[in-house]
Amino acid sequence: MSSAVQVREQGADVERPLLEIKDLAINFRTSNGDVNAVRNAHLTVMPGETVAIVGESGSGKSTTALAAIGLLPTNGRVAGGQILFDGEDISNASEKRMIELRGSHIGMVPQDPMSNLNPVWKIGFQVRETLKANGLPSGPDDVANVLSQAGLPDAGRRAKQYPHEFSGGMRQRALIAIGLSCQPRLLIADEPTSALDVTVQRQILDHLETMTTELGTAVLLITHDLGLAAERADKVVVMYRGQVVEAGPSLELLRNPRHPYTQRLVSSAPSLASRRIQVAKEQGVESSDLLAPTEPVVVEEALPEDVLKVQDLTKVFKLRGALGKSTDFTAVDNVSFSVKRGTTTAIVGESGSGKSTVAQMVLNLLTPTSGKIVFDGVDTSTLNSKQLFGFRRRVQPIFQDPYGSLDPMYNIFRTIEEPLRTHKVGNKASREKKVRELLDQVALPQSAMQRYPNELSGGQRQRVAIARALALDPEVIICDEAVSALDVLVQAQVLNLLADLQSNLGLTYLFITHDLAVVRQIADHVCVMEKGKLVETGSTDDVFDSPQQDYTKALLNAIPGAQLMLPPEVA
Amino acid sequence: MAWYILRRFLQLVPVFLGATLLVYFLVFSLPGDPIVALFGDKPVNEAVAAQLRAQYNLDQPFWIQYLLYLKSIFTFDLGLDFTGREIATVLGEVFPVTARLAVMALIFEAVFGIVFGLIAGLRKGKLFDATVLVASLIVIGIPIFVLGFLLQFFIGVQLGWAKPTVSSAATVQDLILPAMVLGLGSFAYVLRLTRTSVIENMSADYVRTATAKGLSRGRVVRVHILRNSLIPVVTFLGADLGSLMGGAIVTEGIFNVPGVGNRLYRAVTSGEGPTVVSIVTVLVLIYCVSNLLVDLLYAWLDPRIRYDS
Amino acid sequence: MTPENNATVRGTAVRRPIEHFVADFDETPLHATDKVKEDHVPLSLWGEAWRNLRRQPLFLLSAFLIFVVIVVCLFPGLFSQIDPTSEACQLANSDGVPAGGHPLGYTQQGCDVFARVIYGTRSSVTVGLFTTIGVVIFGGIMGALAGYYGGWVDAVLARINDIFFALPLILGAIVMMQLPVFRTNRNVWSLVLILIIFGWPQISRITRGAVIEVRNADFVTAARSLGVSRFRSLMRHVLPNSLAPIIVVATISLGTFIVAESTLSFLGIGLPPSVMSWGNDIQSAQASLRSNPMPLIYPAIALSITVLSFIMLGDALRDALDPKARKR
């Protein structure tokens, strides 16, 4: 059944909005009094329409959507405005009414597939209770049918398994099956794929789109990714600090953003940066503070030489199995590449590709099973403890999680000073001076010195981590997913900072990431890894413009909104 | 699954051997002669002492003693106590009494602890929750022998609601008050554990998803919140059975229950080494078995364990 | 089908104009991205925990009670000048009712109950305090080594831990206190030693868990790749970050060890009768419980309040130090 037929069948209701949010205000009770999480929010979802709410973390996008299904956290409440579902105000509806609406009229697909299925019940049980609660037939065949419609192969057998026997993508399919099982008229999809690898993400979103189009379900899609929103939705609503700042047809919004925040967001969206520069230049959009130079800055005296050479690197982990038997798991399989001084090399891959294991071995935190790593002409496995201490000075890491990589007990000064003290550099006064310089370099105010990590935001902590990595004037910095946890705008700032530091200090980066858009923005060379093997390597432009391997092509195709970000005449 | 249980079983073997060895060592090999101590203030009769030493293999080297002891455990030939009765017979009399007492205490703490903990958790921050929390702290804070005396005095003596002391038959009715006293401390702990676990699960993502599916509140609480919250509680209860049996000394003393604790206490104060070692060994065995049961329960409750090999 | 086509198809199917809305710039001003907040003084984690603690009535109450107990412990003379030792008691006063200067009456031996409660504080608290110190040092070291080094060190220490877990505190202590060597040297210190021997596994297990959690944190890896040695990162990064649960459990254990002391004394195998302690007093008052319950009730109340205040303090600390409650 096509959506057009579905819409016509509903006859007179076609032009009445399915969901209308008017002047919505949501407050959270906290120990420091009420906090305004959402103000003056308004949006409309017509029957069968897909609307995306885009915003960074803390913008109120999820809160707004959860209010529409009556699932605000216990300390949150609707403080004003209306939520009209099919003409009925449900902002203060009774719990009984909400239970009637949930499932059969309003469905939900949550964000994290790992935590949203109850680990102690079989998948089939969790589907069946949904059908049962909403008065639908719930025999084994009905359950299997629901699961197979969500694209789960061998659904009858799968229904008898527990969530931990499913991969992330399969769990998300099960959650989509549950969300759509009672054929609701509105589906709230809260970042439904942000926890998944890009290629899986694309498959799942495609499938979700097919299903909702067939059923004529309206979708309220919550996402942080502007490209994804524009690609999937008819209409995009941009939220910023609890308010709706701009709303409109997705392509129109992307090509002609009018609110300054949307403009910022569009120009920082990491999808396909180099093309974006051209477009921005043509349109005269001010973008100097957003973009990193993509061309490497070659340091004057040093001709590009291989500062780091990885040869036939292999890492095999022994997994302890049943009855004391151990099975071998090859995390990294015969990987070779080299990194030229003063350039950025990116290792790209999805989860389980072995990219982080490579980083650990390069950092000499993990011993390779075979193969070698040559740093500045010396095989790092031959270093004695004193030489290793010297090596540590020259190769520094920056980690992904800005919450986990700083000791919460150390203030910022002690954090940045620690490497200097460990290597006995200078005296107290000179170390303090150096810390101040480093804070300047990463654009943090000196007043931050006495603060503790828990008082800083994610981006600021990542700056502190960069300052700590720079303290010993290293030559190579290994960035392990260093910007993945950050919001788009902050991510752009940090990438910009890294690029500036590279051109000023002649640093070499080995950048480990799953995000191809970031790679395009920052890297000179790319190594693509899949299941422990290196599948493709080359200059960034070559790999992006003419990928040789199917896997690389699939990865590139999966970048959300890639095609949409092109100016109309190119697309 | 089978491998998981086998592994847990193999881990318990060194625990059993180590704990019995430790107790055996403490009782028979530390400075001071247990046989001499037996005579108390009376002059030592060397002939009798030598005979006793031979009877308990105390004239052998320590390792031989221990191995002979292990052999006697597994053949149920525990020898005689100092009054001339078979230790195995004595154990057969006292262990059922204490087992009855401990199981009653366990039922008491499980039922009341889970019910109160669940209600408190669901009403976090409300009056009921606050009251129950303070009450449970007070119960944990007051030593068991004080509580025992107070309850014996007020409920047993003053009000006459229950028997203040236990007859030699130690019937279920006799044991109601002692079982309550024995289970009170763990009751407060079960209550708090259930409450914490319920609060944690209430904010779990899958509970929100279950609500979003359109399930009724009652079903969300029963099937998703309570079911998952019981995992740590049930494992605690399983492990507590062993502790209750080993920890019944004080309660049995107050209410004069003819159980393991009473017999152990008499054996300890009169210096009957073999009886002490036998009783402690059986207690350690119960501890090990109940731990194995906990592992089984855990695997049954949490499918993630079942398939983790 | 490209996504753009797809969108167009959907557009035609629904055929509905979408308005382009832009919020008033004045009402939605842009803020600088990621600015450091400078509107409050820097606050360490301990500082923050202290600020949370100060607002908890449970903490204030328990801290006040513990303060009183410590003062009584150090300067019992401030509260009662009556000599409570058995030699000074007069049988003429046996089971006497409260009278001027003797607010709680007399025991069966004719001793002043109030004075005995006051002077009995010291031995109970001493045993609790020193046992806790010993247990934290010994159990903490064992747990930290097992958790941090893992592998066979962990496997061996975990089994030793299990062996001691199989022997409950009171059971083990009863067996040991009756050994000839301890029977002849019964005093506060031998009791402390025995309670440490059977009390360390719990702290060890908690420390091990906390250390394992911190050991894998990125900041420890970062410190190691800065060149900080393994031992130094244990001391400087891992241990300080594992302290919170250890402090909580140690505080609660202090209460538990006071209970253990009084339980053993009550059973007649703890402190010798010559040492004044609540457990001994409760035991000697047991005989006359039905005729004169007061000499049993008052030391029991003192004991319960002391134990309760340590348990309440531990509870308050747990809330204040809870990592989940910390702002990220």
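Here are a few things to note about the model shown:
Order as written gives the chain letters A, B and C; numbering starts at 1 within each chain.
Please note the rule applied: a contact is a pair of C-beta atoms (placed from the backbone, for glycine too) under 8 Å apart; a residue touches a chain by one contact, two chains touch by 3 or more.
In this text the structure is predicted, and so the values were computed from the model without any measurement.
Ranked by how close its C-alpha mean sits to the mean of all protein C-alpha atoms, the top chain is C.
Compared on C-beta pairs in contact, A-B and A-C come out with A-C as the pair having more. Subunit B and subunit C have centres, each the mean of its CA atoms, that are 23 Å apart. Centre-to-centre separation of subunit A and subunit B, using mean CA positions: 50 Å. Between subunit A and subunit C, the centres computed from C-alpha atoms are 41 Å apart.
For subunit C in complex with subunit B, the touching residues are 159-160, 162-168, 170-171, 174-176, 178-181, 183-184, 255, 259, 262-263, 266-269, 282, 286, 289-290, 293, 296, 300, 303-305, 307-308, 311-312, 315. For subunit A in complex with subunit B, the touching residues are 69, 71, 73, 95, 99-104, 107-108, 110-112, 115-121, 129-130, 133-134, 162, 164-165, 175, 178-179, 182, 321-323. Put simply, subunit B touches subunit C in their complex at residues 11, 14-16, 18-19, 22-23, 26-27, 30-34, 36-37, 137-138, 140-146, 149-150, 153, 157, 243, 246-247, 249-250, 253, 264-265, 268-269, 271, 276, 280, 283-284, 287-288. For subunit A in complex with subunit C, the residues that touch the partner chain are 2-4, 7, 15, 40, 46, 48-50, 209, 213, 231-232, 234-235, 240-241, 243-253, 258-261, 264, 363-365, 388-389, 392-393, 395-397, 399-401, 403-409, 411, 418-419, 422-423, 444-445, 447-448, 450-452, 454-457, 459-460, 465, 468, 472, 489-490, 493, 561, 563-564, 571.
Those residues of subunit C lying in contact with subunit A across their complex are 2-4, 6-7, 10-11, 13-14, 16, 18-23, 25, 27-28, 30-31, 33-34, 36-38, 42-45, 48, 217-219, 221-228, 237, 240-241, 326-328.
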